[in-house]
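As structure tokens, here come the structures.
One chain, chain A, appears in both complexes that follow, with chain B as partner in the first and chain C in the second.
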Partner chain A sequence: MIPFAFYLFAILITGLFLVTVMSKNVLYAMTSLAAGMVLISGLFFILGADFLGVVQLIVYVGAVMAVYAFAMMFFDVTRDVEERHDKPWLVFLLGGGIAVTLVVIFAAPIMGETVHALYPPVAGATNPQAVGLVLFTKYLLPFEVASVMLLVAMIAGIILAGKKMEISLSAMDEDMIADTKEHA
Partner chain B sequence: MITMNHYLILSGILFAIGLVGVVRRKNLLMLFFATEIMLNAANIAFAAVSSYYHDLTGQMFAFFIIAVAASEVAVGLGLLILLYKKYGTINIDDFTIMKG
Partner chain C sequence: MMEVTYLGIIIKAILILAIISAIAGFGTYIERKVLAFMQRRLGPMHVGPYGLLQIAADGIKLFTKEDFIPQNANKLMFMVAPVITAATAFIALSAVPVFPDFTIFGIFVPSIAADVNIGILFVLGMMAAGLYGPLLAGMSQANKWGIIGAARTAAQFISYEVVTGLSLLAPIMMVGSLSLIDFNHYNETHPWMVFMQPVAFVLFLIAGFAETNRTPFDLLENEAEIIAGYATEYSGMRWGMFFIGEYANMITVSVLASIIFLGGYTDLWFIPGWLAIILKIAFMFFLMLWVRASWPHVRPDQFMWLAWKVLMPLAVINVVITGIVIMV
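Now for the complex of A and B:
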């Protein structure tokens, strides 16, 4: 059953993310990205990382995708995205080559059999309990730093997006837009 | 039987897709989507290594990656909205203001 689920998820995720990368429509790209994230949380559940799967669902599918959806209200998403591509084959060669190189670099220590478990899960504890035990003992400082980082990001997001909130480009005609640009 | 290598290969494929997207895309919003794909590919690799080596460190790093991704989206989209209000476009080709 697990191999079937893995291959199903793997094929679906790959296809959905290909749609995200290749699609010309922003709405299609975002929807397929959200669906792929949901299926990735399925992979986490297969791997026994229950808490990570739930966090993936809540943060990525719930929060990040909602932020993207709200941000898309500022842009015109009904039009297809027009992009200029000079050498498409070069893109795939470069992207694939860099990705393979990175994978080889990071897989080398694993192939060397030098990986040892630093924090094995506590016997008898469920996954969220074990995660909590490690997160609030060994990784307490990074956890606090991450919380400060999220606070900084929240303030930055409010200030950046909130500037000139009373001006709406989509509600103006071309002359008014040119006029605001001259004043800016 | 699904081994760790299956997950690592899947992660590598997804990372390659994301990287192709980053190199290929000219629309900034689409560029953000591609970076999200790359971060998720790394998350899959971390979770797989964590599960097969019975070590929770990988899951911890996956949590911090998710936190970084969330803050990246908040700041990045704020900057994106600011750019759109200033120039009226989010196409990278229109931002080539340095002539040389």
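Now for the complex of A and C:
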């Protein structure tokens, strides 16, 4: 049952991501990317990593892709996007090179004989507990650094977006809106 | 005693589909009746006794209505979008336990289709994925009201997911588990969570109303402002599927609130557990209709203000205080 599920998910994910890359339509690309993200969480569930699967769902499908969708609203999604390909061979070379490198990087430890888990799962710990144990012992420093980085990004975002935040267009009448336009 | 097999899981999935679709259909009738009585009207009365067959009439109407697809719309996405709403709503229900485990014909049956030990997160994640229904519907239909509806969908769901997650974090910290079954067991030995986490309960309710697109937060399809938002161009059964999805989500939120905050399916005095939880779910469902009859819509900017400047800080403070209390 599990190999069957794995191959099913693998084929579907590859197909959907191919649509994402090949399609000229923004809507198709976005939807297939989101659907692929959902199916990747399926792979996590097969591996028994329920927590990571759900994190994949919430973070990538619920948040990241929704923000993409926000950006896509600037396009006319009913029309195809015309992409410019000045040097297709360069794109092919770079894309292929990155893909091969990634495969080699991830396949290298599998080839090695002496691979063993540095932090084997604690017996009896449930999924989220196991993640938490590693996160707050071995990886505490990267975790805190990442959180500080996110805080910085959040403050920067607020400052960038927050100019004239005290002005609310919906709380003004027509004349006041015209006035602010003149001053601007 | 036999263990539950793949066949059992399939049977449970079909049962969830059938029962929840039926309840969703019946929910529209209940909603119209309750709203009518609150507004001193009679509601549907003509079809059948007390208008009970109104559901059948509505169903015939929805199924036979022309399935209209606008000329400039992206046809595939336009057709798929309602299915996403309905599907995610039902998938979310697969990880929710509703009744106590029981034994039938000598076979032990846990009353949950997919017993993942992070059930609560799975349900939230699946409901979060439900945002693609209205979003793709609005973007694909080549209609400006649709695109405004889609923009509001993205804003509303992203904002209120934060509140739902943070409000549930405090109860999760107290129980120390993400499994909904553990939540239910916790309620057996402790007083109901609503008495220990009243702030979290109110926050979860408000965010739940927003995530299920209920009045006073139904800005996605607010007729007075944007026709019907993402549903403007939909007709017939595709429109119906959006509705079934919305009602299924209402039931999911009701079940979540019952299990996490209101004691779940533990026995209550002389009331057996299965009846107690049905009563709780029914009350939560009624509460949603009650609020719809009592409160006007909010403005979109008030709505965002509420999420980010009131509810989210409250939820964070609640989490911090809970943490301090647990530590001390």
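Keep this in mind: the second predicted complex is superposed on the first by the 134 of 184 C-alpha atoms of A that agree within 3 Å, B and C clash if a C-alpha of one lies under 4 Å from a C-alpha of the other, contacts with A are read in each partner's own complex, and residues count from 1 in each chain.
The criterion applied here is as follows: a contact is a pair of C-beta atoms (placed from the backbone, for glycine too) under 8 Å apart; a residue touches a chain by one contact, two chains touch by 3 or more.
Given the structure is predicted, the values throughout are model-derived calculations rather than measurements.
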Report task. Once the structures are superposed on A, label A:Asn25 by its partner contacts, choosing first (chain B), second (chain C), both or neither. Result -> second
Requested in this report: In the overlay, answer first, second, both or neither for which of chain B and chain C A:Val61 touches.
Outcome: second
Query raised in the report: Of chain B and chain C, which one contacts the greater number of residues in chain A?
Result: B
Requested in this report: Considering only the touch criterion stated at the top, classify A:Phe6 as touching first (chain B), second (chain C), both, or neither.
Outcome: first
Report task. Check whether A:Thr78 is in contact with chain B, with chain C, with both or with neither, and answer first, second, both or neither. Result -> second
Query - Touched partner set for A:Leu33, first chain B, second chain C, both or neither - result: first
**Report entry** Partner chain(s) touched by A:Leu47 [first = chain B, second = chain C, both, neither]
**Finding:** first
Query raised in the report: So, does A:Leu102 touch the first partner chain B, the second partner chain C, both, or neither?
Result: first
Report task. Enumerate the residues of chain A that count as touching chain B in its complex and touching chain C in the other. Result -> 51, 55, 63, 67, 72
Query - Complex contact set, residues of chain A against chain B - result: 2-3, 6, 10, 13-14, 17-18, 20-21, 26, 29-30, 33, 36-37, 40, 43-44, 47-49, 51-52, 55-56, 59-60, 63-64, 67-68, 71-72, 74-75, 81-85, 88, 91-92, 94-96, 98-100, 102-103, 106-107, 110, 115-121, 130-131, 134-135, 138-139, 142, 146, 149-150, 152-154, 156-161, 163-164, 167, 169, 177, 181, 184
Query raised in the report: In their shared complex, at which residues does chain A touch chain C?
Result: 25, 27-28, 31, 34, 38, 41, 45, 50-51, 54-55, 57-58, 61-63, 66-67, 69-70, 72-73, 77-78, 126-128, 168, 170
Query raised in the report: What part of chain B is in contact with chain A in the complex they form?
Result: 1-2, 4, 6-8, 10-27, 29-30, 32-34, 36-37, 40, 43-45, 47-51, 53-57, 59-60, 62-64, 66-75, 77-82, 84-86, 88, 90-91, 93
**Report entry** Residue ranges of chain C touching chain A (in the complex, touch as defined)
**Finding:** 72-74, 76-77, 80, 116-118, 121-122, 124-126, 128-129, 131-132, 135-136, 139-140, 142, 147, 150-151, 154, 157-158, 161, 165, 177-178, 299, 301
